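Letters A, B, C, D and E mark the chains in the order given here, with residues in each chain numbered from 1 onward.
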């Protein structure tokens, strides 16, 4: 029973972490249809910016804010000069974002080195609670809370404001959205940057969990994010959230019952889901 | 080749990509080592030493292409490197084809001086079997007949580290009761650690490299309270930084700047600090060892770079290194060397390994796994 | 009086092709003008050039005396141009309601009055109000597309073949509505349905091979069968 | 020959000169250059195989490397276990063809159920990863992530000789693949790329056609894999990775998608640039960050040559033709 | 009595609560020209989608040449001799006009899965393609990409493609929508000739004058169900039809 509860909480926390890493991509890939290979890099920049400011100022909150701001700016830069030229052209998107990924990952190595940089959790989130035989790590609970808040917040933002609507329309017919008097380019830039900032936040919150950040962390998390978005169903933000929790719990279960399958569990799941339900588990139809 | 011109050494290692820090350290160590071994003249027997560095980018095909360039175009007399075992694996055959020596440092996979070995391959660095033997030695010395579990990534690296440990532990009378292999990128070690906790070993040998390390989770799940000791090989400084929860742990190390006590290391620490404003690290020490080995051999041949002469000189040759004396075993050209039992103590930037005992080289000499019919 | 929309010697291109090669059109406040011409003459391209969706090489387009060449499309739209594209341009993944909503944002304070007006004009849309636009029939898409241009206060509306795919009753209703609207809003209409063009417009321009080749009043065109034969090939 | 009739004299002459130049190059070059060019030839075929998929069927396969890597592994495993002679080489070729067409069949059956470009890209990504993981864990045969070095038949050992084999391989594969895209089936694939539903309503069984396309691409890629394996005498799991697939995508995009020959130009460009950048590190320390420049190349290609080199060339030719035409018209007036 | 080519039995489909096609039973003889009329959203296109296999009915059956094709895929139906055009233009936009038609031709000629023969070798195919292009007035645009054609030209291309299929039954969904007035007569001509060749044609169209001159019979569909069916003149005078569909004749169509 203790083990069950421990696994459940850890699975949920993993889900929350996965969601934080994937939510940005859910917007950029799911909503805007951009196959964004810079995701992992944005994640890295989030993590490194956070560590940088956090160690400099000793303030966890400032570190988080800095990571969001810096990566938002990077997002604006990426979108305005590069991604905006390749909407609707998937292979070009893959390549141009791949190029940016190569460059900006190498820049991370240039600025911060290739070896992992260490980071501790802030004292107020560093502890654990012991209830019976169950150990609950405060930082994981914090992740669950943040993940839930972000999921709800963005869901509301996309559904109660015009942003979601304009983007959905703009992806299909950018010319007509313009002809109706809406500056779709501005929307695209801001939404892309917001997605980027979420990726950055993911990186910032990831670092204290695992205790360090390194330049190779991006690529793996990027694949994970793609899996989540696709399993959850492209274009469905809530689907991504559900997909993340599902993956988190599944990860915990596989690690406990069939650890030898853990390495391939995620991709296999993705292939299986897509083969039988191309639209994803929770999504609307996949477009195009 | 040319007996009067400069001696050309090809330095082939990861200078970009994920392993760039290893390559970088090795490069610095090698250059310092040349300086040390030639007393700053960068000359052996009147011939200048010239090093040409190439980047494998940690991609085996590129490693091959660069190696061919070094051998065919630059006509180097021997190659030192690389950092990645896979890169090394891809160029073993080129050494044979071009009949030039490949001095491996610091790639550690066993088979390089084992099943896949050829007579042109030497390795100054330790291999994973030596690590395994050292670990087994530390554990069984502290608790004879100990029950041990391992926790290593489910990757070539993880497996390559655990496999020789199984044998080494059995040889020293330990009992391996549990092996856990989480995916290399996992961020949640709970299931694996819980299973180890239930198996109740005396020691858990943790093998991990990468940002997503298990240290804090090992502490959170209170293994020590269950009477389980955590142990590992202390890594390079950057990775040590993430091990602050592990202060007090006993384990082994290949090198830490304050651990070995000998004049070579003193020189290295002093000069490295002067030049780079930081202490040397594991792969710096390795690079230096490789340089000393090369120069020692060249001195023996009197500056003759003929491969056969060099092989002759290197076989069984003893040479200095920052971790003490090493020698190349005749059968597989693996450098036999001491490792160190250490305890992690509090440090300002990272936990500092403190020497408990030098593990003698002979005690941890790995089994010879070169095929019996290999051409020597 | 200054013309509301004035295009002079307009030359525009797509990629390597120069498509308009000299179109001059002048439309005054409160007029309804028809743009006629064969398939591939360049009518659609002209409307798209006004909207800034096709690049201009030379010539000028002025709205209320202000040049709009080179302005971004959304600014042109905001200056008071409504546009009904030839291929409907409805947003498939949005509901009818959302399609109309997006169109209404152009104004700072959109009123629901106009929306109710179009829903009355096209009751089909009212029935399908909450459905995704991709489920609409061909004619219903056309209705939605027209409606999006009518929910705002515009100075001028550019309409590209609105009758296409509509049932005769609906065309009739549309004709009456456009007639009504043209009292307050200027209309530039591309139309192959001669009857509808006649019912709505007072003047016409004829385009052929990317150039304006003729202009006149609709009345003349109706009366002069020779002219009809020449331009339209009817009779 | 029919093929020649379709080309005008100038093209024919240019090709002839190119061929002569390529034939004599190895006698004036260093080994590493010869290796580099051999590698360019082989990766050009790999790129073309990708172009068949991406350029002619519109299908973005992020698992394409699994064919390529399998080819290299099959060659390696066969040479290691059954001896390194030409008979075994023949066996490896046959097994690769069978394996790739089978793998393509299975992949097709899973992927081609509808669901769109991105879903297909993701499924193939997953399939590729699964195969890579299998190779990584099947250590008794593949030696896992460390890679598998192997001995090759003696005929291939001479690097200059192998250069010619690679060149011949490229020429044969170019002719074959060109025939394929010019065949009625190739035309239907283009139709499917444009509008699958419409192709169905013309009576084409699109899934069958796509399967054929995928199989042809898979086999071509597998054969390129064998050659690549022989060139390097080494196979490792990187050859099965997404990165390897992306290399193919890069090659085709640089050269121009849907042009077939683009892949040859692309392969030459990409490999030459990388090689050049790595050589530059001794010139200036800034080139130690060669990845920055390499990444910039991706970006620049997409931004300034979205149609690739061949696309750019075609556009230039078209522009010239239209200009000529307009001039002719003006003169006529 | 002539042979029945297409028959539907109580054909229905629902989208949620909405019955887009509601118990339609029709029976069309070989060689007949039938026009389907009805208000926007009546279910005409949906009926085409059911007959051609794009949608599966929730109820009812479709028979083609005597066999039950309800369960067959669109491809199989095309192969049996059914061809359709689309209301929203549906062509291969980045292939040339010529290639669009040629592909339709190739499908019809059943060239098969040849993978190493040059497509240009099939001479007769190429000639016939040229003929069709000539017929639909697109000869001078044959090297243009289909996507570069104007709307009206794309409609002509769409028609050319189905003609190239030479189907036994031709389902045309508003082929002349957006076509210029001067070209409509040519299209009428083509349809006449096609009919003469023995092709059974089913047309959806809103241009009344064209409908009247061409059709042998009219079927009026309102709210997904068949309202009346019969002789064109008679049906178009039916008061219900006038009210639901034709309107009061405020606009005078110019007579042809």
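In this text, a contact is a pair of C-beta atoms (placed from the backbone, for glycine too) under 8 Å apart; a residue touches a chain by one contact, two chains touch by 3 or more.
No experiment lies behind these values; they were computed from the predicted model shown.
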(message) Keeping to the contact definition above, tell me which chains border both subunit A and subunit B.
(response) D
(request) Identify the chains in contact with subunit A as well as subunit D, in label order. (result) B, C
(request) Name the chain pair with more contacting C-beta pairs, choosing from B-D and C-D. (result) B-D
(request) Calculate how many whole Å lie between the centre of subunit C and the centre of subunit D, each centre taken as the average of the chain's C-alpha atoms. (result) 49
(message) Can you compute the centre-to-centre distance for subunit D and subunit E, using the mean CA position of each chain? Integer Å is fine.
(response) 43
(message) Nearest whole angstrom, what separates the Cα centre of subunit C from the Cα centre of subunit E?
(response) 28
(request) For subunit B, jot down the residues that touch at least 2 other chains. (result) 16-17
(message) If I count partner chains per residue in subunit D, which residues reach a count of at least 2?
(response) 289, 291
(request) Report the complete set of touching chain pairs. (result) A-B, A-C, A-D, B-D, C-D, C-E, D-E
(message) So in the complex, the part of subunit A that touches subunit D is made up of which residues?
(response) 29, 33, 35, 82, 85-86, 89-92, 94-96, 98-107, 110, 223, 226-227, 230, 234, 263-264, 267-268, 270-271, 274-275, 278-279, 286-288
(request) Mind listing the subunit D positions that touch subunit C in their complex? (result) 318-319, 322
(request) Name, in rising order, each residue of subunit D that touches subunit A in their complex. (result) 54, 60, 110-111, 113-119, 121-123, 125-127, 129-130, 133, 137, 246, 249-250, 253, 257, 289, 291-292, 294-299, 301-303, 306
(request) Name, in rising order, each residue of subunit B that touches subunit A in their complex. (result) 16-21, 154, 180-188, 190-192, 194-195, 210-213, 215-216, 220-222, 236, 238-239, 241-242, 244, 350
(message) Which residues of subunit E touch subunit C once you look at their complex with the stated criterion?
(response) 15, 38-42, 44-46, 87-89, 141, 148-153, 156, 173-174, 177-183, 185, 206, 208, 244-248, 250-254, 256
